[in-house]
Structure formats: C-alpha cells, structure tokens
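Got some structures for you, see below.
Here chain A shows up in two complexes: once beside chain B, once beside chain C.
Let's look at the complex of A and B:
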C-alpha cells in the first residue's frame, strides 16, 4: 500500500504468513554479518591464547624472544581495570590471572594487522602452568574429591516441595525432613518406580561463529557483532572498563543464529576485542573459526536426574522425588537460571500430590556451560518422560494412556503450587498428535519388523514456561520505544534481536495490526544500546509474548492519538500524523512491560506462579532401527504444539520443525567427546548435527489456546518448547522397536548396541 | 584459520602428463613437494587444519583438466577409469553403471553432492586413508593402479598399495593416471553398505564393498574391501578364503564371525568404538553373504 493514500484499511497481518522482512537480503548475500562489515581504518585482527591445561596455577607467560613482537598488541590480566565478566556471580575473569580452571580458558590476547603473523604469534606464547588435579565428573565434584570452586564446588541449589513434602523450607539440606516425608509418601503408594537418567552436552552450532568488531573514539567504546543480547555486553563493559553507560555503544550486526549460544558469551569476545582495541588504539576484529567456537564457548548443561515416584494401581500419579545435578562447568555464568528452569520443569506436565525436587549445580574443570534453547528444561523433561514410560511399563499400560490420565488440566496445581487458570492445552495437543500419527494403532500392532529393520513409535508430552521465571519480568522492566514517523509510519526501537528466528517480521505484524496500518509501514531499528531502550534479553521464549505485547501497546497508543487527530481535524492517518509531528515535534511511545497482576512468586520458597503461562505440546516420533547396525532413522515426526496464537504461521512452524530437528540431533547423533578436558571433535565433520537428509517428514499441528495477555490475540512463547520433546519421544520409539530402554543420551548406535548387549547379559 | 586466510601459493597447469612428470621430478630432486590439485577436497581440509606457518608457498598444480587423467573406457575385459574422474562422473557413466555398478553406489555415499562433484578417485587413492570409501570399492574389484613418473609407467595391484596408515608403495613423484579393473559379468551380485553417523557428509564408521561371481551355489570370484576397521583398507584375506573354499549355503554364521575377527583390528576413535566396529564388520559381512546365498 502507498502510505498516505486515503482511508485504505489494510488487511490484518497477524495470523498471515507474510514473508520475512530480512529474507531477501540474507539469501542474496547482501546482509552484512560481522565478518562482512567494511574494514575500519587501521583495523587489526585479534586472537586468543588459551590454556591447554584443565586446572592449574598460572605461574607466568613467556613470549618467545626470537619472535618480532613490534607490531603485535599484547593484553594480559594486569591490563584490565576490573577483571571480571559481569553476570550473576563475579567469579569469571576476563583473562585468567592466577589460576586456570578449564582447557581453552583465555589467558593472553594478541592483535596484529597480519592475520598469518597473528597465528604464528599465538604459537610464540608459552603459558607456564603448574597443573592441579582436575575434576571433570559432576558426581565427583559433588563428592568434593577436589575443591575446585568456592567452598564446596556447588554453584547453586534449589528445593521445591509440595504436599506432604512441604514440611519446611530447607535450602541446602540433603536429607532433611522433607526428604523423609516424601520417602514416606512414596512408600505408601501401590507402585513405586526408581530410575536414573542422563542428558548430555550440546553445542548450539549456529551457522555463523561468534565475532565482534570493537573500537574506541571520543564517544567511548563501541562493539558491533553477532550478539543476542546487546545490553548484556553493555553491562559487561560498564563493569570491566568502569565506563558510564552513555560511553558504551553496543550494536547488533546481522546474526546467523544463536540458540542461546550468543546470550552471555558475546560479552567475553566483545570485552576481548575492546581490550585489544583500547591498548592498540586501533579497531580490532575478532572472529572465531568453527574449532575455536566449539571449544571455547558455552554448551548445554549435562544433567543427571534420579527419580523415584509412586502412583496408584490405576495409574494416578501421587508422589515424586527427584534429585538432580547439573554440570555448570568452571564458572557460574547463567547456571543458576538454567538450573532454576530445569528444576521448575522436572515434574513434567503432570499432576502430583506430593513433590520434592532437590537440584544442585556443581563446578567442573570444563568450559562453562550456558544458555541453550530450552535452558535446562529439555534435560529434566527427558528424565521425567523416560521415567513415566518406565512407570507405564510397570503398570502394563501404554505410556500415552498414563500421560493422558495425569496431564495437567485447567484448575490443576503445578509442583510450585501454581493454579493453572487458563490457556492449558496439554490434553488437546496429546489428542491431536496421537490422532494424526495413528499412534494407538501402531503401538497396539507392536514393532513392525521388515527385513533387517524394526519400526517403533513413541510420544512425549510436555509444557514449557513462557517468559522469565517468577518475578523475573518485574525486575527486568523491559522497555520498547515506538516512534510515530512522517506519513503515518511507525518505527520500532527495541533491544530484542532478530537472530534468525523472525523477530523483525513478527514485531512489524504486531505493530501494524495494533495501529491498523500496513506491515510495510512499520520500520524496525537495528538493535543498539545507544538508540534502543533495554527490552530485556532475547531469551526465555519471551520476545513475542512479552516484548511483543509492549510493542502492541505502544503502537495502539500512538494510533489512538493519530485517530483522535483524524476525528478532530479530518484527513488520512498519514496526514494526521504529519500534523501531529508538526505541532508537537517527535512523538514516541516508550512503554515498560506490565507483568500480569495475578502473578505471585516467592523466590525463597520457590512457590507460586513460576511462569505467566505455558506452551504445551505432544511430539510423536516414528523411528526405524537397523537391527544389524542399530542406526536410528527418525522417519516421521508429528508435533501438536500450543502456541497461543500463531502471529506468522509459517515462521511459527519453522520454529517448531527447526527446534524439533535440533532435538533429534541431540537425541541421536550429537555428542561432545572429551579427553583430559579437551574436546576431541570440535568440527562439523565429527560433531554430528543432522543434515536435511536426516530430517524426518514433519507434520506440525498448531494448537491455539490463547494467553489473555499475549499480543496479536494471545501469542505465547514458542522458541524453546520444540527442543523439549524430541529426545524422549525418540527414545520411547526406539524402546518400542527393539525393546531397549535407554536412560542416557545420546542414542547413538554404539550406545544402543552396548545397552542391548548388557540387557541380554543380565537376562541370560 | 579459515580457508579465506590461506597463504598465497602459486597455482599452475601443465600442458601434458609428461610435462607434469618433469615438473614433479625436478622439484622432487630438490626435496620439494608438488601438490596435485584434483578436486581439492582432501588438500583444502589439510590446509585448514594446519596454521599457515610455512613461509615458502607450495607449488600447486591444477590437474583437474588434464586430458590424460580423464575418461572412462572399456577395452575387452578391462575397465579403465582416469584418476581425475569425479564421483559424480562415475555415477553418470553408462559403462560404469552397467559393468561396475558398485562404484556408482559407493560414489553416491561420498560426502554429499558438492563433494561428489569435485572429489576424484585419484585423490582418494593418493591419500590412501583407511577411511576412504573409493579405495575399499576398488579393493573389492581387485583393481590395478596405473602410476607414472619421469622414470616411466608402472602398475600397482590394490593388494600391494597400502603399507600402513596413509602410507603406500606409490613413490612421492608418481602420479596416479588411472585405475583398471576386470569387471565381473554384467548382472553379477555386488554389495555396498556404508555406516556413517548421518545420511550425508559422514566419514564411514565402517563400510563394506563386495563383488562376486556365483556359479552353482559357490562363489568363483569374491572380492571385498572394508573401511575404517584397520590401519589400511581391510582386504579380508581370511573371509575371502572362507567364501571361495566352500558352497555358500554351507557357510555358518560362526565361521563368518570368526573369519571377520581375524581380518579386522578396529580401534576406538572420535567417530566410533572398536567394539561397535567389530560388531558391524561381522553384521555387514553376514548380510553380504546372506544376499549371496549363505543361510545366516
């Protein structure tokens, strides 16, 4: 539509799959990712010298005297004003100063104009490290075999209690009264099942590795790069450089994927580049190659869950006790928040009368684990889903019947005591996925063996909290600015980044419909800490649901003013806008998020409304297992997913299918392999993510149980949910096909063979 | 380092195979290596893995268009495939489809289509990795490799090619010109099965190549090559002897397993475990022989 043309009412765009705004530039190669940004005058390349040792005392740094260092900038810990990466706990240095705590820990930074010389310079640095015994195993860390962090290696603990286990709050207690109470509650049940489940590391493997360009000028420090959360980097600069907020300018470049991997890590690479830039006086570009990126940056937290549960003979779930450990890696980074989400999802999408969940994150001498799509929930959902499969087996029932019987419904109460008042769609998703996949008939038929392959089918039911946990949004105070622009256009300024998931497009759709204008009459500013307000981080499935609702309200507000002007003095939307601007100067609506008033949450007791609402889903996987090689092929994948309201159905399905494929990779082929704290497969050739040929046929059913406070008529968070169900659905299908119940990920042929041989040995 | 950061190097072409032999010989005499750039799919990966430390840029000769290394022809009972033949060319060749279909099937499992369009049989043989799919397929055909240097041309039987991990009897100055093989009669059974970690872009955990001629229930010709189960491509001498010595229907699963265990020495590495590879080596061999008529 030509803007300014008389009273043409644009068609609503919410619910329509408008093309991605950023699509053309990305497919034609016009989009400038950080490594494509034009070279700045005098620019240098930056590189990092990293520890080859997992744990030790840093005695010194030797520079090869035979090497010509004259054109190489060198930064060490002593050069840094405040040597701390600002996050939750101040335990991580920007550069190791006295100790190293994991292999690949950064120790020295180098910059040089000649990239080949820079590579040689890295080799001309020797780190004198006196090794100390490292701890790689989370249970050994918990057992305090060595104290490697703080007083007891523990990074964070939580305790959730409900019902009879809710005897008193005892954070930190291992065998307190609540443990006795839950044990008693379980012991009184008809059927008791115990299991142990393990979930492994996962690499985000965004297509674009991490990178930043940093420089200093009279305005202060600048950094531009592949960044998910510009204000995190801003905060890190404030702390490290002791700079005023307005002297720091962090801008997102076009970003090729993040999946959480670019949530907290960019602070480190940006600090490194800025330190080199500060010392050299020149702009510095740091771009990791794939190997360095896989080795040094964060991964999904490994997690062990020990679960004991009790239920009635008729399958009614009663009591649940979980003891879980997460491996935080060498520094705390975001581990407390990941552990929190993992803990809050550990009871699954089910009703339990009595619950006790005790969770602990411990340090190990491995690179810090961090944010990854799902944020701890896929690990605990893996465990509870596998556990319920085991309970069903013991009851002699199909798992889906047990899950259907116990899935949370409207009015039910979660493990934190949250009453689910509305937008509860677990049962609906289950029904739709089961129907579409013909699950019941296929289960009843048993595994289909043809030739040397066996086919099986399995399902997982799950929910995922949308938005920040508990009172998070209240502290966060996310803001968005929407400008009223000449001719009746709107300009969105937000720190929420489009990292490939489609934020730019969806925000435009939301704003356009709220204002009653066309999508292409809405602009989206490049996220920058200098020009955009802090909308909170682009994480936690909160962008559309939370930030989108601010966008919606701001657009509504501006449109109301323009429409009032039209009422009063006539003309088109565009003309009225121009009159308003002429009269009042620039007009902006700067709004802050108003969290739903019904939310109550107690951070000390971990009770209340953990999330404003949940997305719900049921995944069904049909697999073929080769009986000779135990290769698992996921043939078909059904997902019925409740998104509240699909703002852009094609992109929404894209998130679900992409997330499901990421879950499939995590389940069957992705595995970080380690030797002495070194990663032995830091390449795309041997860290095996699925290719398009490995993708199953996806059948995605969008379920819409709107959230009253969600934008566009009820949108909920969708980013993380699709990561949760793939692994347990596939494991259930593998169990159906070949009778091997796998409790540990990944389901590689090597592991399935070993498990089968072990079970044959015990049954023999 | 990324490939974009490669040091500058000199890249040339030579007008003929003889001229190429002369250049290679001359540099060889001075202790200098010459990179023969065929598809570049092995060489470029090597460059990326190593930091650009050499100040002396290597000489790279693009042999991609050298006529003498190209072409596929059948003369009498000998199929000759130029060393510069790509996997995609194998897949599309009518002669190879008819007379050496297992090569076609193997080629479809190499990397993905991008690699198939660039990678060559000559490059696969030159690297001589135990993980090379092409080498195993040629081992099953008991092919012969034609090599040439300034000293002249000679032939190396596949059985004599590899001497250890990525080591071969081909001299450093010998250029691989072609492979020759005697194709079994049209319609003869063949076997190719690759087990990798995903459906494309996967280096074999194990792969088995096999060709056979069966007359009256007995194999009169039987060749196999197995990938990634030993320091060199496994030619499976014990298994071959077992199969050639007996009616197929009489071969037992235990005999097969026993023979395979003699023939492979798999290890744990980043791609798989020795235990799994042993299991798959036995399972694939049974599968092959089952298809030939063994009752296992």
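Let's look at the complex of A and C:
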C-alpha cells in the first residue's frame, strides 16, 4: 500500500486544497524543531535566574561559595555591551541591572554542559533585592498609587473622535471639549446604555515551548530557533552586541506554533543564549520548560472598557463613548501597537454618527504583555458586542436584528472616517451564519431546559483589519526575492515564516499560478536574515495579503521574461529559462511592497484609512449550561467568515476552526491566576486549554468578498479574525440559556454564579 | 543498567540509568527526535508512544520499565516515501498544522484504529483527548482519523 505518492494538483492551484508541503516531514517525525537540532560540538545548556520579587532594588547577586562554579558560565548585566531589548521603547533591560519590575524578570544567566548540575547552579544563586511596593491593578496604576514607570505609569494613549465629538485634537487629554460634546450627543438620544466590560490575560500555549540555539564563529553571531520574526531578533542583536548587520545570522527552525507568543519574545531568549555563547565560547542551547515558558513570556493584555452609547428608539445607533484601559505589564514591548489595534476595533462593525474613544495603556508589576492573535481587538470586540447585546435588551429586540440594522455596509464610514469602498461583507456573513445555525427559530423558542442543563444560542458580528495599521506598510517596505532557477523552477526567499498556518504551501500556490507553472516547481527557502530579504514580520494578518502579493508580482515578472524568451526563440518554459540563465547569469526579482495608493492615514489625529481592508465574520455559538454547577459547554459553533479569496480552503478552514477554539478556551476555561505577582497555575494541568472533547463541531462557511489588491484573486488576512468573535457569541448564548449577562471574562462557573446572585439581589 | 527492547520492530540495546525518562532515552541515545516534549508532566500528549501496543506518555515512563518490551514511535508508522494511511490523511485533511502535537496525535490515533476499525466521532474524540493541539480546533484531526479508518477498511476489504 503506497500512500506517499504525490497527489496530482490541478492548475490553477489557487482555490484548491493543496496538501501541506511540509506535511510529510511533520507526520514522520523528520521535521527538525529547535530541540531536535543535532548537538553542536562542545554545546552547553543555558538557564535563567529570575526575580522572585515583583518590584525592588537589586542590591547584589550572591553565588554560593560552597558550589563548584568552575564549569559554569555566568552572565550578568555588566557583561552586556548595550543592555536593552530593542523594540519600540528602550525600557526593557536584557538582564535586570539596578531594579526588578516583575516577578520572573531575568537577572543572571548560567550555562553548563551538565543539565542536572545547571539546575543546581540556578538554586545556588541568591538575589539580594530590597522590595518596593508593587502595583498589580491597572486602575491603581492609572490612579498613580505608586509611580512604577516613567512619570505617570502611562505607556501610550490614543484618542479617536468622529462627528460631533471631533471638536478638538487633544492627545493625552483625559477630559476636554470632545468629552463634553460626546456626552451631549449621547444625552440627546432616545435610549442610552452604559456598561463596563473586562477581558483577561491569555497564554498563547503553543505546544512547543520557546527555544533557541546560539553560537559565535568568524562570521559573527548565529541563532536558530522557534522564531516568528527573524528580523526582530536581528534588530535586537544589532543593538545589544553593537554588531554590523552582516555579522548576525538568525534562522528559523521548524516552529511548533506561535500565535503571537513567538513574535517579540524570541529576541530575549536568543539574546540570552547568545550572551552565554559569547562568554563561554561554546554553542548554547536554551529551551524553556513549560512552567518557565508560562511564567516568563508574554500574554494577552487584560482590558477594561467603559462604554456609553445612545441610539434612536428604532435602534439606529447614534453616539458612542468608550474609555478603555489596557494592562501593558512591566515593560512597553508591543503595547502601543496592541493598544492601537484595540482602539481601532473598539467601535465594532457598526455605523456611528458621533464617536469618542479614549484609550490608555498603563504599566503594572506583572510580566510584560505582548502579541497574541487578535492583538487587542478580541478585548474591545468582546466589550462592544456585549454592549450591543445590552442595548438590544433595553430596546426589547433580538441582538442580531440590532446588529443587522447597524452593521457597516459599502459606502459607510468607520470611526476613523474611513469610507468602506469595497470588499464589505458583514451583512452577508451575518445572514449566512444565522441561516446555517437556525438562530432565529432557536432564539424565538427560548432556552431549552432538559434535566439539569439549559441550552442557549448567541451570535457576534465583527471585522478585523488586515495588514499593518495606517501607514505601517509604508514604513515597513516589505521585500521578497524570487529566483528563476534551472529548468523553469522558481525559488521564493522571504522572511515570512510558516509557524503552522501554511505560508510555505500557500506562497507556492500563489507563485505557481502567477507564473503559470506547477506548484511543485516552486521552492521555499528556510527564512534566514542572511539569505532572505526583510519581508516585515509574520504578524497582523498580513502574510498572505501583503507579502503574498509581492510574491505574486515577482513571480509574474519572472514568468513574463521567460515567456518573452519563448516567444522570441521558442522552446519550453524550462528551456527558455535555461537559455536566459546561461546568457545573463543568476536572475532574481527582488520586489518591495507598494501599498494601495488610495490609503491615507494621519498618525497624529488617528483619522483616515486605518487598514487597507477588513475581513468580516459572524460567529454563532450554541451552549449548554449546567444549572447546578454553571459549567458552560459549547456544543455547536458556526462561523461565516469573509477571507476575500481562500487560496487553500482546507488550510483556511483550519485557521478559522483553530482560532475559534482559542477564543472558546479564552471564554470558558483559560485563566491565569495570580498571587503577589506570581502565577499560581503555570502548568498545563491547571491552565486549561480545550481538548478534543471540549471542542464543538465547527461549521465553517467561507465567504469570499475579494480585495482588489489581494493575491490569488483577492485574498485578505485570516490569521487573527477567528479569535475575535467566540467569546461574545458564547456570552450571548449563556445569557440566552440562563438569563445572566456576563460582562467579565472568563465565563467560569464561579463567575456566572456570582453574577447570577448579584442580579438576583438587585432585582429583589 | 543494560536495557534490551524492541524499537519500531527492531531489537535495540542501551546502557542507561533506570530512572531516565523513556522520552529522553528516545530523543538522546536512541536517536529518534520525532517524539516531542510539550510539558514534561503527562498533560499534553506530545510524547505519546506505544508501549506493547498501548499509548503512554514517554515523559512519565522510566526507561528501566521498558526492558523486554516493544515501543513504537512516529518513526515506526511510515517513512516519507511510504506514508501510512493515517499519516497521508493527516496531510490531506489538514490534521497537521504546526506539527508539534502530530507525532503523539498519530500514535494515539494508531492505537485507536488498531483496536476499533470503524470508530464514530465521539470515540475518536475520546481516544485523542489526552493529546493537546493548539492549532487546529481538532476538527481536521478527527476528520483525518475518520478518513484513514475508511481507507484502512477499504484496503482490508480488497
């Protein structure tokens, strides 16, 4: 029985579920993840000594004199040329030097060939820290109960104003004319609703923990590992080691999931491994165990949204005021960008005449929060969707009717003043998901109580900006190289990594169709800063839409040259290619992204085209709530999702289902618990991600509203969108089942019981 | 101590302290890195292997208990050029994304299909409940196993 034979792939390949190109290596165990890489000569293991204190002055480091340190390499802050993790703001040291600002902050690095001895060495280091009062609560940070960062604990602010609230640009203002104006606009409305909504931390929980192998040789510094964005690590090395760009070589190993968790964090573990390698003169392998990974690496930002809105009696939404706070953690990392995306999605997928959104990120003495699929949007979409459910309740209408009435359509204007010209599919997604789930009949029937369970259904409507915000792509200047290879093959060189989402396969499909060749005639180089141009990071739902379009153009360009050669001198595509190469030497198309010319964006006023286009979706969740324990089980999940064009439908559905399940976990079972700045559940045993038994059957409907500038006939971003709608859809279903309107995540039995008792007290 | 065992059908010997984890023995001296470590405490199932035909977490089994026993890892299921139906279906049906849970997932599925040739969906989900996946939402994995069972039954009928 031979099942390994290659599958015949039709042409064109776009729209066909081409089997994953890296599949065979992954199902046979041959794919080499970082910890599978062969041991290098003289290799050492690396470990990190971390602060047990949330905030304090670092007085000293004591090495147990009774311990034999002779074969242990020790690195401290003083060993580092420039002790800064290069990212947006230079506030985070690579190793704490004078102060610690969160529990688990790295202070000392150790390396040793003997792993067991290394673990003992970590315990033989004592940190002398004089504690200072920590701040763990974001509202207390905003109230400045202690100043823990900068002058006022504030990491970033934004203000969006539209309509009558657009009276004065007042960056940084807490109150002002626009606040007065939006209050007046809301007060003039028929129906006013106010609510407060909270979204919690979430751990990415990629199944492969973070890891890097680093070494130095005559070419400079090398690091290879589980990395989403090799050029982030490259930039961090340039700064810390004062090295020229061509002396740094960062290469991706096969990566076992990222979800944002391996966007910026790998710079830190790679710097740590490279520092130990530099000092010891030996290669250093640093692989976190699960506990250290959960404790030390970034999480999703917690977020509080206070929303007041006004609408007409007929449900037409009019005015919206949002005040939101995000918890950035101890250092800024990517918080300004996360806050930006959260702010830009806070008004939801709806038309509003007058808008004021004021957002603030503050520091706390908790590990820095960072990138996680959705990047701030799931938190604010949670809030606005729950809020619209409350508005609908006050109007005595079903939430889906209110949402259908107000969802943005072609020609409508968003809260930043962006006119949605095309590729607008919110209404279509809503209609399809509602139909497939039989939502209206189930809502009309009311909750179905059978025995000790109550079944309810709920929906969320949402959109997610694809690509970098505003002018981001203009600054990034993402590049891709495509080589013309012997025999008429193409070779793609890009820094866009495949971390499971299928980049390798989808890029081959795009290039193959653009050049009119077979998918298996296209190669994909291992992403490395030495051999690949900087395509920009693998983030922001931009890989297929933005980088894929560069791949498409480069492949078209090369193919046009070959076809011209065929036209002029005959022969096959392969023969003409060989003649061209023989005549001209190596032929490469190196192209840079050209953002759509219609995009205008003002970073100071936060007005204009926030994103080149949006993906749209409607999720419907059906839940069962145990009436004795209030345990929530998601039993069915429908998603109608607009992807522009599904390049590879199986992979596309895989993104939607996988993202939806992460949303379900965030909603019902995942919760980081804290005590004095320590995480009390840093294990898979007590941080509960869904298993195959917890996952509902997904019914995924692909909607295709093409984006004219997208590759393959209009593809848009899909990576993050599926993370946005699950939580509010489930909360709406819980409300339908048991009548409790939850404003805070997660929807654990304890919280639902407390909310039910509170609402019963209020009504009594 | 000297330990003799059967690994993917072939006799193997190694010299190891008895409390070394089977996972470390496989990935180290036995040279098979297809078995992955995701948590080291028996939660994620990434290190699932067959021990005398039963799926176990290799991070919880001391090598000393493997004397005289048969172990099957992902490398024993099929090769790049000769994939097993289960492996083929994980590729074609989208059962593997990042791939880190895939070896353990395949082993649990293999154990199921050896026992139950025609499993329904709840049976498949139950059999895979000890293997965490963060990428797929499980649906394509369940689909892969169901499709592989079909292929195997068709093959057996022929």
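As a convention for this text, the second predicted complex is superposed on the first by the 754 of 764 C-alpha atoms of A that agree within 3 Å, B and C clash if a C-alpha of one lies under 4 Å from a C-alpha of the other, contacts with A are read in each partner's own complex, and residues count from 1 in each chain.
Heads up, the rule we're going with is that a residue touches a chain if its C-beta (ideal position, glycine included) is under 8 Å from a C-beta of that chain, and two chains touch if they have at least 3 such contacts.
Given the structure is predicted, the values throughout are model-derived calculations rather than measurements.
If we overlay the two complexes on their shared chain A, which of chain B and chain C does A:26 touch? Say first, second, both or neither.
second
Which holds for A:749: it touches chain B only (first), chain C only (second), both, or neither?
A:749 contacts chain B only, not chain C.
Looking at A:673 after the superposition, I want to know if it touches chain B, chain C, both of them or none. Which is it: first, second, both, neither?
first
After the superposition on A, what does A:693 contact: first (chain B), second (chain C), both or neither?
both
Would you sort A:120 into first (chain B), second (chain C), both or neither based on which partner it touches?
first
Considering only the touch criterion stated at the top, classify A:66 as touching first (chain B), second (chain C), both, or neither.
A:66 sits against neither chain B nor chain C.
In this superposition, which partner touches a larger number of chain A residues, chain B or chain C?
Per-residue touch count on chain A favours C.
Regarding the shared-chain residue A:661, is it in contact with chain B (first), chain C (second), both, or neither?
second
Quick one: classify A:582 as touching chain B (first), chain C (second), both or neither.
Touch status of A:582: no partner.
Determine, under the contact definition given at the top, whether A:631 touches first (chain B), second (chain C), both, or neither.
In the superposition, A:631 contacts chain B only.
Kindly list the residues of chain A that each of chain B and chain C touches, one partner per complex.
Residues 289, 684-685, 691, 693, which sit in both footprints.
Going by the contact rule at the top, pick out the chain B residues touching chain A in the complex.
1-2, 5, 7, 51-53, 112, 195, 197-203, 270-273, 275-276, 279-280, 283-284, 286-287
Which residues, counting only chain C, touch chain A once they are in their complex?
Against chain A, chain C makes touches at 27, 32-41, 43-44, 46, 73-75, 77-85, 87-88, 90-94, 96-103, 106, 121, 124-126, 128-142, 151, 155.
Taking the touch rule as given, give the residues of chain A at its contact with chain C in the complex, in rising order.
Residue list for chain A touching chain C: 1-4, 7, 17, 19-20, 22-33, 35-36, 204-209, 254-259, 289-290, 499-502, 650-651, 653-654, 657-662, 683-685, 689, 691-693, 695, 697-698.
Help me check something: in the complex, which residues belonging to chain A touch chain B?
Listed in rising order, the residues of chain A that touch chain B are 115-116, 119-120, 123, 289, 452, 628-629, 631, 669, 673, 680-681, 684-686, 688, 690-691, 693-694, 748-750, 753-754.
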